[in-house]
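Before we start, here is the structure in question, set down as structure tokens.
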Amino acid sequence: MAMLEVEDLNVRFYTEDGVVKATNDLSYRIEAGERFGVVGESGAGKSVTSLALMRLLDDPGVIESGEIRFKGENILEMSDEEVRDLRGNEIAMIFQDAQTALNPAYTVGEQISEAIRYHLGLGEAAAKERAIETLESVGIPSAAERYTDYPHQFSGGMQQRAVIAIALSCDPDLIIADEPTTALDVTIEAQILDLLEEVATEFDTAIQLITHDLGVVAEFCDRVMVMYAGHPVEMAPVEDIYYDPQHPYTVGLMSSIPRIGDERDRLQTIPGRMPDLIEVPPGCNFHPRCPYAEEACTRTEPELVETETGEPADPIESDAQVAACLAHTGELRGELDYEVTVRDAGGPGDDPAAASEGERP
Amino acid sequence: MSSDTSTTTTERGRIRVSGFDVDRVEERDPLSSWEPGLQAKEGRGRLEFAWLRFKRNRLALFGGAVIAFMVLLAVFARPIQAPPGVPLLGGQTIQPLSLAPADPAAQNIITGYTEPTLENTLAWPPTGLHLFGTDWAGRDILSRIMYGGRWSLSIGFIAVAVALLVGVPLGSIAGYYGGKIDELIMRFVDMLYAFPFIVLAIAVIAVLGRGYWEMILALVAVGWLPYARIIRGEILSVKENDYVTAAKALGSRDRSIITRHILPNAMAPVIVQATLSIGTTVLAAAALGFIGLGLSPASAEWGVMLNVEQDAIARGRWWAGAFPGLAIFLFVMAINLVGDGVRDAFDPQGDTQQSGGFR
Amino acid sequence: MSLQRFVLKRGLVTIPLLLGISLITFGMVHAIPGDPIDFITLFTELDPAVEAEIRAEYGLDQPVYIQYIDWVTSAAQGDFGRSIITRSPVIDEIMSRLPYTLVMGVMAFGVTVVTAIPSGILAAYYRNTKIDQVSRVFALLGIAIPNFWLGLMLLLVFASGLGLFPVLPPTDQGLLSVEMLSYTLLPAIAIGTGSTALMMRLMRSSMVEELDKDYVRTARAKGLPERSVVRKHVLRNSLISVVTVAAIQVAFIISGSVVVEIVFAYPGIGRLLVDRVGNRDFPVIQAIVLLIGVAVILANFLADVLYAYLDPRIRY
């Protein structure tokens, strides 16, 4: 049994314009200490999934059905009290925008120690001490003095470190990081990712990293789930997805990231945009934007199958590369005729995917 | 690979994806009848969307119906004759209907107050039927309220219209040109804002004297301030947008930039404010009438009707005061319902804060 | 920016504003067509010598800017000249009425704060439920109801109908006597209803805004109990913004008292103002209008300073 198992999760938003199906029979698992990436465009249901894990969805969002098992217990059946004991204590969250995630009216230190006091039952002084230690561990210099600073006295990168410190303060088993670096510039992004990697290794914490940036995933994750329109379209160990993506959407995401030094004529973006999840396209949801789509794709909704065998796969149990595309079940007449080549590999140790493999526990 | 490698090859770090040809999607016919939903529909104007939302708001529609009803009652209460000076129609009756049950000016000093009793209302034949009773001079209150709407309501609509004509241009000038003009106009606005609505209106009336147009002028003197502020604020934010810079670079004249590019964007909050202001203005006009600084004591303006009956109400002649006040209340509430509806229609998430009521 | 610097900076903005409103109040009288002396002599024909004497007394023989400077400097010392009607010093007339208006205003403010803040909090926390709907309906009624009419109806029901309150203010009682205070309650409610409705909605929206803040989600994600999330992370911040909202009520309550004092024959400065507008007693009108303007500006200034004091982003 994995540490976290999400099974057939359906989240709905009842809005004026209609029912938004934010996730559709979403299933996946995260092992203890694993770094799991969730990738997709905005609106794919990534953030909704992570809020659902903590039961933090606000009106009009509702978890309609499904199970979220954390260490074997279904979070959705817990009492409010039990969920609160989990939040911040065993499952912690890092939010996208550190500036707004911190309350401007309280000191950074207080915002860390309040969780410590509550969850670990420590007194004022002991909690402060532990909070300062946590601040040190996320690389804030002279932490004891900065403890009494207000958030606006911190720089953007420092604020994100403080938010990470809040997440780490009670030594959680799982951290959900929702686009933790999107609001930061590139150099700081790298530092924060290094920090996350460091603390994850040090405390053996599992991390669910939500991002739209496949580059970040390559450097950070063990396994990746690519989401489209509220459900996974491909799930695989990171190196498989990188060198051998099996779903056209994954390929589209990989080819739409600009990089300095490209000799391309123009950026290869995926045409069109994510459907609004009120009325999703029939069959394969991706077909209106897919270059390989055929008539069959509009009629049959592809299942997740193991790409090697074409056999239906259980997204919770399977370790292999799975994808939901008719190309793998033989129902597609054409072929996925893209090619991924590794250009000018500088050496095996330099390769991002290989590097992450090397560090896997 | 084929010859189209250059357009279909992308690289990500050391990984190169080739053959993912997105042009196929655009070139082929749609595979299914599925179309992007509401959110993706573009090109429909903001006004049209707002109208669609407004139509679904039942409370706002109810408010609109009440306003229409009261306006119609006021117009058709008594016949309207064109003033003698008007060519062709001079002295002619242009509105012949007379819905008011009695002449609002017909007095019966001997009887004086008549209470609107149930027996009287149900009696047949309905001679001297006074649904809302009569006032101190024996005049039918219902007829006076219907007829008096001509003053109370027209003051509200006209004062807001004129305030718009003052506030919008001044705010546009301040926001668009900035600098000294902006400073001058906005400082003046700030100063006038220091006086509460009624107090400033009273001060203006103290100077001008009482009367219909004097009152409108007093209400405009206070009423234009919010529009100037709103328009200026909107323009300052819209001005930063690229298309305004582009229009400038293309050599559009200042006036056409303001009217073509900026005003349409800034209109939503102005419309909301204007709607709510009609209510505030009617309320203020009635208050001025009530404290004896509005129209003449003989007029049937709702506030004035209450003014002349103050003592009667304190002595328990409730009908003399209840009904004119109820008319004001009903109208202002209806306007606020419409105003709230308009605001929700333009801004369904409720990001802006605007409220009716006096300052 | 330090708090001292903020107060200083904010205070410096206030000075031109105060000068501006004094100019407006002064200019108001001079905007009237005709000779100002006619308002003093009430259009009676006078002996030229007497007329010159009066002109000298009111400074009307000086150029306009000298008149303004004289008026402002003596006004700053509390000297607004003499009333044209009663011939007594304006400041004495105002000071004899002001305490009444202050007591009524404070009561109305109390009614507002005590009812609006808790109900606004409830409406925000239980938004889109029955509780919120009820508060919305109340706000709609409260904002639309004319305060003077509400006052009349309160008099009708509670004073002349039920006899719980006197119909006219007690004349032989002190300002803070039980009789006078209980008489003041009805007008305070008449004024307070509208401002309660307004403040309740403002409180609600500021709290709703607060509830939607990311840091409230952070607090929930920490696993804090709901009670401490609301009390510590929502209420505190939304109460800070209530300070600004409360300042708006000052102007609202002054507006209300001017009109409601007429309903209740209440001996405050609002009624004095309205009486003297009818008599064109400009020294009194000017003084009251100026005082009200100054009061509003000071209230806003105090609110800004208090806000700065409570908000650490400005304090530090």
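Think of it as A, B and C in the order they're written, each chain with its own count starting at 1.
Assume a residue touches a chain if its C-beta (ideal position, glycine included) is under 8 Å from a C-beta of that chain, and two chains touch if they have at least 3 such contacts.
For clarity, every value in this text was computed on a predicted model and none was experimentally measured.
Asks: Which chain has its C-alpha centre farthest away from the C-alpha centre of chain B?
Replies: A
Asks: Whose C-alpha centre lies nearest the centre of all protein C-alpha atoms?
Replies: Answer by centroid distance: B.
Asks: Considering A-B alongside A-C, which chain pair is linked by more C-beta pairs in contact?
Replies: Counting C-beta pairs in contact, A-B comes out ahead.
Asks: Centre to centre, by mean C-alpha position, how many angstrom separate chain B and chain C?
Replies: Computed from C-alpha means, the inter-chain centre distance equals 25 Å.
Asks: With centres defined as the mean C-alpha position, give me the chain A-chain C separation in Å.
Replies: Going by mean C-alpha positions, chain A sits 54 Å from chain C.
Asks: So the centre of each chain is just the mean of its C-alpha atoms; given that, what is the distance between chain A and chain B in Å?
Replies: Spacing between the chain centres: roughly 49 Å.
Asks: Which stretch or stretches of chain B touch chain C in the complex?
Replies: Against chain C, chain B makes touches at 187-188, 190-192, 194-199, 202-203, 205-207, 279, 283, 286-287, 290-293, 303, 306, 310, 313-316, 318, 321-322, 325, 328-329, 332-333, 336-337, 340, 350, 353, 355-359.
Asks: Would you pull the chain A residues touching chain B in the complex into a rising list?
Replies: 16-18, 214-215, 218, 242-243, 248, 251-252, 254-257, 259, 262, 264-266, 268-273, 275-276, 278-279, 281-283, 287-295, 297-298, 337-346, 351-352
Asks: Within the complex, which stretch of chain A touches chain C?
Replies: Contacts found on chain A: 54, 56, 59, 80, 83-89, 92-93, 95, 97, 100-106, 111, 114-115, 118-119, 150, 152-153, 163, 166.
Asks: Per the contact definition, I'd like the list of chain C residues that touch chain A in the complex.
Replies: The contact residues of chain C facing chain A are 128, 213-215, 217-226, 228, 232-233, 236-237, 240, 311-313, 316.
Asks: Where on chain B is chain A touching in the complex?
Replies: 1, 6-26, 30-32, 34, 36-40, 348
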